[in-house]
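Have a look at this one.
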Amino acid sequence: MAKNLQEMRERVCAANKSLPEHGLVKFTWGNVSEVCRELGRIVIKPSGVDYDLLTPDNMVVTDLDGNVVEGDLNPSSDLPTHVELYKVWPEVGGIVHTHSTEAVGWAQAGRDIPFYGTTHADYFYGPVPCARSLTKAEVDGAYEQETGSVILEEFSKRGLDPMAVPGIVVRNHGPFAWGKTPEQAVYHSVVLEEVAKMNRLTEQINPRVEPAPTYIMDKHYLRKHGPNAYYGQKGDAH
Amino acid sequence: MAKNLQEMRERVCAANKSLPEHGLVKFTWGNVSEVCRELGRIVIKPSGVDYDLLTPDNMVVTDLDGNVVEGDLNPSSDLPTHVELYKVWPEVGGIVHTHSTEAVGWAQAGRDIPFYGTTHADYFYGPVPCARSLTKAEVDGAYEQETGSVILEEFSKRGLDPMAVPGIVVRNHGPFAWGKTPEQAVYHSVVLEEVAKMNRLTEQINPRVEPAPTYIMDKHYLRKHGPNAYYGQKGDAH
Amino acid sequence: MAKNLQEMRERVCAANKSLPEHGLVKFTWGNVSEVCRELGRIVIKPSGVDYDLLTPDNMVVTDLDGNVVEGDLNPSSDLPTHVELYKVWPEVGGIVHTHSTEAVGWAQAGRDIPFYGTTHADYFYGPVPCARSLTKAEVDGAYEQETGSVILEEFSKRGLDPMAVPGIVVRNHGPFAWGKTPEQAVYHSVVLEEVAKMNRLTEQINPRVEPAPTYIMDKHYLRKHGPNAYYGQKGDAH
Amino acid sequence: MAKNLQEMRERVCAANKSLPEHGLVKFTWGNVSEVCRELGRIVIKPSGVDYDLLTPDNMVVTDLDGNVVEGDLNPSSDLPTHVELYKVWPEVGGIVHTHSTEAVGWAQAGRDIPFYGTTHADYFYGPVPCARSLTKAEVDGAYEQETGSVILEEFSKRGLDPMAVPGIVVRNHGPFAWGKTPEQAVYHSVVLEEVAKMNRLTEQINPRVEPAPTYIMDKHYLRKHGPNAYYGQKGDAH
């Protein structure tokens, strides 16, 4: 069923404004979008505009290829990355990109964020992957679109389900996270940042730490997701 | 003497709301409960509900086995852990579980939090133990109840008094803390988190640091606890 | 075209007040100035005055050599450093000096802040240099002026463009940053501090990390700067 | 000239309340006092009372030996440490004790805080010393008084001037700082905590870092202190 475009504007505006409240961004360094495939529309933050100045009305509306159809402002320069992911992942309804500090640490270090505990397993079913750096050709070409392609390549290569692993760090760049809704995508961004910090501390405290047992991952993830979930109240998104 | 159930609801609500104020939780990642054995009642946070939305009225009331007797919402999914500890530790009146960042660091690292100084000794008489990970059988069985059993096993194996060591980290999971009251349990959670951070810094500054002398532990703990305590004002909980 | 002196006072006052809001300073440990070469005037924070007490009226106005021409208060003791940079770098319109924690970490460590990712490349085209410590003769002489000379020497020796690398850390001291305006100089100070933190985490997570590819630096910097910039809205400073 | 006792109460109350605002304490873990030798009076925080509940009226007043002469509440249990320092250091007018996180890290690590840069030299003329742990006999005896003696022993052994090095960390315990006034003592506590953090980061970034040159220490300290000071405005405490 098609969504209401005005409600999309409101949700995307609110989700973008929540980024600084969660401590995920400085200045204008992050953006959230939402897609409605039935409407053929993506709503995204305008580029370089302060979160304080965002209103539902100044959100940018594009078609599914990222062509602006409503709005006087330029869309976030990362829009082509969002477009690329929306095209291939039909269950993803919202995407977030930030430069949150701890997640960037892993991105710049070029490492997957290992699975060390239940905080991680409650939302990510397996390590948070680190995608490779883009090649010179990719960077010199359609850079932001290629960023999306590299993320898709990583998921495809590893056989990952984007709904079970709702985020990634791109090497030398930073984190992307997603979910069924923009709000859920923001939630996963917060989890990714927090787990990035917890795991850095973990390795500092015990440099020889091993990943946690897989059966703990199964239990915690499935406690919150799928038909047998029993965390929260009936009908919750989580 | 039996407690007043309405006052229990109020205390448990307030203690839960204090978790984000102390920086111990993100989203809904923590819960506080209180027991009254004379009333045969436990009061606990509902599962997955934002702290902002908690009121004394929407706290969940259960019997001493964790069966809901009042309330329309599901209790915290960690309730069986609380139940298990209340059954075996008669002096414990309140329990807190969180995923606070620094304590999770030690839990994921699989290490006891060593005794390095007086901040620790003021509230914990000895290292904060790290309980083992649950086995696959335990995880696949009554998971949350088994978490309680593993905590009890650790205290029993080491011969620890839960009133002298009012907290633990469970490997690959996170911290639990307790006290005579929910408020005191929250207090101990804050101490545990702060000591977890201080001790991480300590090892970073001096990787070959040794535990502090035992007589300092004796002095500081007994300065605040027991018949010869002289910290604070007469009649204080601390 | 000459600037309006009253507007300079207002901008410099506001930029100084923004330092504690960005978490860059404690007490009075930072200062911002602005120059207008046409007017022959520099406006700078008074020395040792709390940010709360700053008003456009109590800003100190000097000539281009740093001689006070308006104001009853002493100018920031770092004024001669600002003067030195303004004399040699004609495009620089605002300068900031702070003791922000993470940047001081690199300054005290005596290391350049390496180029590890896109957050860095969006504002700094190459590593943030670490200037050498001052010699005893320099310290015993015109200390603050010599600090400026050492910064200029470092840029000259490396052939760096101050508009492409808008900041530095001075060994055993701390960071300086600049821009076309005082506001932009503050912005660059925030970037420098954030990148200093990100890069510390990066090396902690992967001690053998290598700098990011140069072509990523080119892309991100030029996406925001120069004639082909496409980030933000038309006419933005960034 | 004798001070006004009511003004002492007001200053000590305000200084204590400023500790949580500066992020130096959790709960009731810190205390500030002021002495007036002419009046023969010390004013100090009551023990274990929340900072929110402090008023000038509930400050505790003692004589120079620490005997309570006004007030219904117990004085801070650390009072005998303050008394010991006031007796030997005539220029010290205010003392602060906290368990601030970064300073405790060095205390627990048992290391002096090295001199790495100008932030440090602006207020501490040389490394911040780490005093030895107390012996069992000292701990079992007049513990808090002996803490003062150990601090005095450290300064005496090293030939340090408490006005030039206005703080210390006591091994396995935490920081003490002082100054001419309670306000200045709090200021020095903030500096000590900040330098403790900066220096931890410095060693993380460059594990082989060497202390900064002594002539930088001379310059920065004397720029703010003594007859040739030129930082700030005429008549400033700093």
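Order as written gives the chain letters A, B, C and D; numbering starts at 1 within each chain.
Assume a contact is a pair of C-beta atoms (placed from the backbone, for glycine too) under 8 Å apart; a residue touches a chain by one contact, two chains touch by 3 or more.
Keep in mind that this is a model prediction, so the values were computed, not measured.
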If you list every residue number at the subunit A and subunit C contact, are more than half found on both copies (same) or fewer than half (different)? different
Let me have the rounded angstrom distance from the C-alpha centre of subunit B over to the C-alpha centre of subunit C, please. 47
Once you find the CA centre of subunit A and the CA centre of subunit B, what distance in Å lies between them? 33
Send over the residues of subunit A in touch with two or more other chains. 203-204
Pairwise chain contacts, counting only pairs that touch as defined: A-B, A-C, B-D, C-D
Residue set of subunit C touching subunit D in the complex reads 26-29, 46-49, 73-74, 77, 99, 101-102, 104-111, 133-134, 136, 139-140, 143, 172-174, 200, 203-204
If we count contacts the way the header does, which residues on subunit D are in touch with subunit C in the complex? 116-119, 187, 190, 194, 197-199, 201-206, 209, 212-213, 215-216, 218-219, 223, 230-234, 236, 238
